[in-house]
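Each of the next two complexes has subunit A plus one more chain, namely subunit B in the first and subunit C in the second.
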Partner chain A sequence: MQRRVFLASMLAVVVLGALVTRVIQNQYYYFAAYVILQYVVLATAWNILGGYTGYVNFGSAAFFALGAYTSVVLIKAAAAPLVVLVVAGGLVSGLLGLGIGYLTLRLRGVFFAIATLALAVVLQTMFINWEYVGGARGIYIIRPKTVPFFTSYVEFLFAVMVVLAVVAVTVAWWIENSRVGRGLAAIRDNEEAAECMGVPTLKLKLVATTVSGVLMGVAGAPFPYYVTYVEPSSAFNLDYAVNSLAMPMIGGTTTWAGPVLGAVLLGTAQQVATVTISSALNLLIVGIILVAFVILAPEGIIGLVRRVTKGKRG
Partner chain B sequence: MMRPGKCRTRRWSWIGALIAMVLVAEAWAPAISAAQTAQPIRIGLGMALTGGLAANGKPALMSMQIWAEDVNKKGGLLGRKVELVYYDDQTKPATVPGIYTKLLDVDKVDFVVSGYGTNLIAPAMPIVMERGLVFMGLFGLANNEKFKYHGYFQIMPAGPNPAVDWSQGFFEIAAKQTPKPTTVALVGADAEYPHNALAGAREQVKRFGLKIVYDSTYPPATVDYTPIARAIKATNPDIVFVASYPPDSVGMVLAAHEVGLTPKLFGGGMVGLQFAAFMTKLGPKLNGLVNYDFWVPEPTLKFPGIEEFLRKYQAKAKEAGVDPLGHYLPPWAYAYVQVLGQAIEATKSLDQKKVMEHIRTNTFDTIVGKVQFGPNGEWATSRVLQIQFQNVTGTDIEQFMKPGKRVVLYPAQWKSGALIYPYAKAKP
Partner chain C sequence: MFSVDLLLNAIIAGILLGGFYAAVSLGISVAFGLLDVVNIAHPVFVILGSYAAYAMNTSLGLDPIVAGLLFTPVFFALGVAVYRIYYNSFEKKGEESLRGLVFFFGILFIVEVVLLLQYGVDYRLVEAAYIGESVHIGPVGIAFRLLVPCLVGMGLTLALYLFLSKTFYGRAIQAVAQDSLALRLMGANPIRIKTLAFGLAIATASLAGALLIMIGPVEPSMNREYIGRVFAIAVLGGLGNIGGTFVAALILGVVESLTSTFYGPSWALAVSFGVLLLTLAVRPAGLFGR
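Entry: the complex of A and B
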């Protein structure tokens, strides 16, 4: 029953997203919503490895940028449609996740985090020196002027991001409620004990790094059409790494709803801050909220709500 | 049951009321329309007020505000005040689409102009193109090369072929020296502008028949430039062309002095050497460097209005804690809205097409001189200056406000002095 309710509500979100494009004409809301939804995907992806498995990834920007640059290559080489870009971006970033998983999963804690940070630096250097994708100069991507069923390409990008966010959340929900999720939770709590109990830790960690990589890649795939000018410093921007970590921490890392809540709250706050108060405060807002949550509510909003409701019942 | 006569009376009273409402509305219409015309003309933009480009973004915005004040003092444009609506783009291209759609769809501004720099102009291009808007650009390098949008006009005087025209003067000066230099070292950062400038420099090298003996880039986060300067020195080039951003420009100059790198001609495309902070940091170490610039306080470049603008700017800059000289970007930030304002006044219209057409086909008198745009929206002819630092003594800022410290060598039309050659002769 619970499964049906979840899937029905996800379907409802997609339908709602499609309906919104028929009602709202103001493009600003699509651009703002696109960014928030992009963070829903990124935060959910980060949480599969960071929240469920306990492996902190500081290299989210690398997976995101790899998805974006895969799109750049395909647009330049074959003028591929967005659906192909999303699939290819996911595949390439997923492969990177798998490879990095093999190479680094012997590392734990802070050492794994440093390795992922290094990955971002290595990849950025590679793209800076790859002239085909614009190198350090960057590359212009011209959006198609029209797209069937939508009045503007931005509406289409928004609709695609709604679908991607729903897919990401559904995947996270499935993992959480399956044997895979329970295995990942066992790894997070005590990896040695889990191994002794017969949990295939390496296999599960590889699943987590791959799925997380795929989702981050698909979040990055439409980016070239969103920004229309891709260059390494914006594709590998620190914001992606910081936000995809901060959002699950604020929402709560143990359930699929945590990253969604964190991304919607923090993403909206950032969007509003950009056009109201000085956006110099943007990262400061993230920093202060993050510190406050780590100290006062280490399990995020979801954990806080659970604690309060339990306290009331108790 | 209602009587037919009563019903007819009621119907007539409804019709009468409707007519009265229409008449009242008609009577109010001129008043409403007058009130609307009294609304300010709103110009929207995103500007880098935080992040990597904020040191230039803040003075640029301040210059635009000075323009708005100047215009409003004279009664505004078309009898309406001018108002700037701006948001901080944080030097992040990803914020730009949201900012420009907010300006256009929510704030309903009348015109939009660009923020500062290539990376932050590009993401706004598709939005203005879709709506057919006039788009004044501030210091973007070849932004319109791919888009070929007829409503884009860029104020930096890099010329119709920006990347190549950028270093034209530097290599022309080299070619005129006797004995003619023959070898060249090209060096720059792994970033957008240096890559473009180096690509242009390579074409110039070919054109002037020079031989490249060193051609390499370095990561933008490089801290120690002495190994690079040593590697260049080992190739013993006659010319060293550097395309760099402010931190590496300073690093390269200091490293060259440390290792004794003394080519015959040194400089070219170093960003940062136009700012007071870096000029006062390097002081006499600048002597002999030949570098690009756009405006310097030389007698040949005293355009009407520039001194008045700089007086206002410099008074405000002290309070705001931004570049106290304001010679590099501020006059251009003033000029690009000045062009837009002049076009609105001339066409007596806020119609995008009319204003666009006017800008495309006319020459404008601005505080940076006469401005005319070519078919791709860049300046019709390049006016990238090549200047040489001469007789810089100490590190006080006052000296850079006067002529004689940054002598214009190129183009000939604006020349204000002679080159001290070779570089070593001008060095302290």
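Entry: the complex of A and C
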């Protein structure tokens, strides 16, 4: 896609998001849209490492929760404004991302994936035992009463998430169309060969894990204000890990549009199912769709569409 | 706070726990170690085994171990079915590593949610005459709810070890792990052998699940705690090494028991995952690696 067209459409999304807050009054839509946009960020972040580079991260929940808990600490200690929370959450999770980046030196493929899962549990245990942020009981967070330009705080959070989603997608799009993206694709296809051809594999992997970590932390940073009650088992929920890898898998992992498509489709379906059926059943649907897609359509929806259009031309 | 009695009790409890951990990890040692199938859904099959034992125990009053043994063929069939799907969708096309991993992650999630829908988030437990009993040797108390799982775990380890080293099929499984092409040239079908081995790996989950619910109450999302444990044990023991797996299970059991006695139970889980991370980073071949 042309650079100008892409950037213009991203800008259009932000403007549209701002306009929406002037029109829609029903608060439920903001709650639902926030979750879907949060998944757009998480899925895009996961895909930078999982889809572009080929390193599967099962610990998305750890990065997300680290962002959320960084916010909790800053709210409790300094009553910091949301902008600071987002930046700080991104930084802390980015550091963790850099850490797992160095892990890729020794661990490849499945061992890396298992290590990220282990990392999530170790971090969760640490937060369970950390009394300052509420320990296992959890902690209540009080939202600021008013916020300028918005009629309610949820509308404000929604607007923030629109911006974050646009930033995440733009970053993914930029990586995909730059030398970095081609280097990552080389690592995904054959790491040894890439190394031999002079691709700076470690540097690129560190970029991928760090950027992915930053974006996940950023997605988690507004979480305490959204739920107003944070506890380890909800912040570290396995649903985040499953969804943030299921969405790109279902949408398609090779382009930025895949995770967005997956997140919007699956996220909306889950929101509808939670309201109309039950929240446990909607998770079952996610699981079944995920398994069906890895078996039947490994390239995701984007891949299916490509296959169909190619078939017509040929 | 610190006393010799406490230390002794913690070590004994750890060894007993370790015997049980061996039972849970054997399936991973076979599937991951020998077959290169990264079945991260193994712990969820163990939980499924727990619920099977629970259902039999509450409806028919069946002993959990008997129930576990009865369900072994069912789990074997389940394993065979899962492997068939896995083989046809991933292994045959050579895409097994990452997509296969996601496939098992999806299975884990599906089984967990099905159990959740069926039984809810409440903790379930089984009843048998001997579960509450214990014997005392000097200052050390041995609870039967830990002793029985440990003994059964040891028996299972021994049985699997003998099967793999002494019988024709067992040796064929070891052979397929080393060189499946050579096996094919010798006139054996590696896929059939692998299907058998994977079925066997899942079959151990039935008995392991029965032991798990005997040790303590069970709820569907518990499988996640065991993902770290079983992989830590399988990797630490050296992949595919049954004896090594047993020793690693005892080590992890003792370390966890000491942690929970002297630092509090909420830290015990971090230990197993810490061991896993450390082993992966320092010596991926494990203590007894090939």
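We adopt the following convention: the second predicted complex is superposed on the first by the 311 of 314 C-alpha atoms of A that agree within 3 Å, B and C clash if a C-alpha of one lies under 4 Å from a C-alpha of the other, contacts with A are read in each partner's own complex, and residues count from 1 in each chain.
Keep this in mind: a contact is a pair of C-beta atoms (placed from the backbone, for glycine too) under 8 Å apart; a residue touches a chain by one contact, two chains touch by 3 or more.
None of the values given here were measured: they were computed from a predicted structure.
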Contacts of A:Thr228 with subunit B and subunit C, given as first, second, both or neither: first
Which superposed partner A:Leu117 touches (first subunit B, second subunit C, both, neither): second
Partner chain(s) touched by A:Val5 [first = subunit B, second = subunit C, both, neither]: neither
First (subunit B), second (subunit C), both or neither touched by A:Ala77: neither
First, second, both or neither for A:Gly138, with subunit B first and subunit C second: first
Contacts of A:Asn129 with subunit B and subunit C, given as first, second, both or neither: both
Partner chain in contact with A:Cys196 - subunit B first, subunit C second, else both or neither: neither
Contact residues of subunit A, present in both the subunit B and the subunit C interface: 125, 128-129, 136, 280
Residue numbers on subunit C that touch subunit A, as the complex places them: 38, 40, 85, 89, 95, 97-99, 101-103, 105-107, 109-110, 113-114, 116-117, 221, 224-225, 227-228, 231-232, 264, 266-267, 269-270, 273-274, 276-277, 280-281, 284
Interfacial residue positions of subunit A with respect to subunit C in the complex: 54, 56, 58, 103, 106-107, 109-111, 113-115, 117-119, 121-122, 125-126, 128-129, 136, 238, 242, 245-246, 249, 280-281, 283-284, 286-288, 290-291, 294-295, 298
Partner subunit A, residues of subunit B touching it in the complex: 49-50, 87-88, 90, 92-99, 101-102, 104-106, 118-119, 122-123, 125-127, 130, 145-147, 189-192, 194-196, 217, 219
Sites on subunit A touched by subunit B in the complex: 26-28, 30-32, 35, 125, 128-129, 135-138, 140, 142-143, 145, 152, 154, 226-229, 231, 233-234, 237, 239, 271, 274-275, 278-280, 282
